[in-house]
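Should a chain be cited, it is by its letter among A, B, C and D, assigned in written order, with residues numbered from 1 in that chain.
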């Protein structure tokens, strides 16, 4: 089972937990990526997320499906935020469930690592000294 | 920051998330250990958890402290249930926060692995064909 | 042909899309070269990819009439 | 001396604690041998540890008057 979302409203950890829970699963692993107040030593005021929605959702589904197969997961929920985010807001939640705990950890980490490589979502960071798109320039 | 609990009431993921969240932390990782309906192919009806409370809490604090130091975590919440549990109930929640995600995953997995080795809590499994304490006999 | 832009590519193009003539029949590799020629700042990025119909396009793919083309600068989600 | 029992040890002892005389001054290793002699089923477990004052006790530690002793069968939390 796979649940993918890309929303401009706050993400909900319990919603993801309910989706992945199942009587056959002993291990649930979650990753929550929050907006930090500092990046590379600079104070961040807020962030703006841009997304190519239909392709982002496709790529998120691909990653969730690959994780399910590779780690024998029961369910994967992958929710990403877009729009304007404040410090402390959750930008992404990954939730996975599995019979045992080791594949749950490995599968959850795989999903967030892959998301950061391929999903067409872009972060613009606003700092006191200006703003810039992250990872864009050398 | 460390928050350890051993309770006979349901555990709460959001409570753990609130405890570990901090503006400096970009990565939160959670593990939830739920009661499964099957163990070694046998249908489980419910479980009973026995705990040596004061020592269990001491050991949980030790593990949380070791994880914080070893993985440079900001906060660790470690909540364990005791008493009678039904299928699907959460027996344990581990929540950790860190500036970056890799130590959050590693620290969270360390905590649950160590808990299963040293914390004086015991599970009695009730199945259709009888009951027994897990891990006790060869 | 209209090419949609996101993130820093939108700032480089000066809007949510740009128009490049005669792209139909070209390969994705050709398209990238022509994009860099028209918008040199794209060449200053760490990298950029092209999505064709919502999927990452390989350099050797040939662009057809009606394709949805999107410039994908280095992603930074999560 | 009263020794508290948890999990399967409680079933082996037939209650929440057992009483073993003359344990003061003995080492933890001695105590374990005497426990197995008195309750052979303890020797059939995968292993068991002894906690002294809420901490795992090493075999060479000497038991003192007033110590809180607890039999710790293999743990299975989580």
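In the analysis below, a contact is a pair of C-beta atoms (placed from the backbone, for glycine too) under 8 Å apart; a residue touches a chain by one contact, two chains touch by 3 or more.
Model, not experiment: these values are computed from the prediction.
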Query raised in the report: Hey, how far apart are chain B and chain C in touch steps, shortest way?
Result: 2
Query raised in the report: Using CA atom averages as chain centres, what separation in Å is found between chain A and chain C?
Result: 25
Report task. Express in whole angstrom the distance between the two chain centres, defined as the mean CA positions of chain C and chain D. Result -> 71
Query raised in the report: Any idea how many Å lie between the Cα centroids of chain A and chain D?
Result: 48
Query raised in the report: Got the chain D residues that touch at least 2 other chains?
Result: none
**Report entry** chain B residues counted as touching two or more neighbouring chains
**Finding:** 33, 112
Report task. Could you please write down every pair of chains that are in touch? Result -> A-B, A-C, B-D
Report summary line: In their shared complex, chain A is touched by residues of chain B numbered 13-14, 17, 21, 23-38, 87-88, 99, 101, 104-105, 108-109, 112
Query - Residue ranges of chain A touching chain C (in the complex, touch as defined) - result: 33, 49-52, 54-56, 58, 80, 91-92, 112, 115-124, 133-138
Requested in this report: Would you mind writing out the residues of chain D in touch with chain B in their complex?
Outcome: 4, 6-8, 10-11, 44-46, 51, 54-56, 70, 72-78
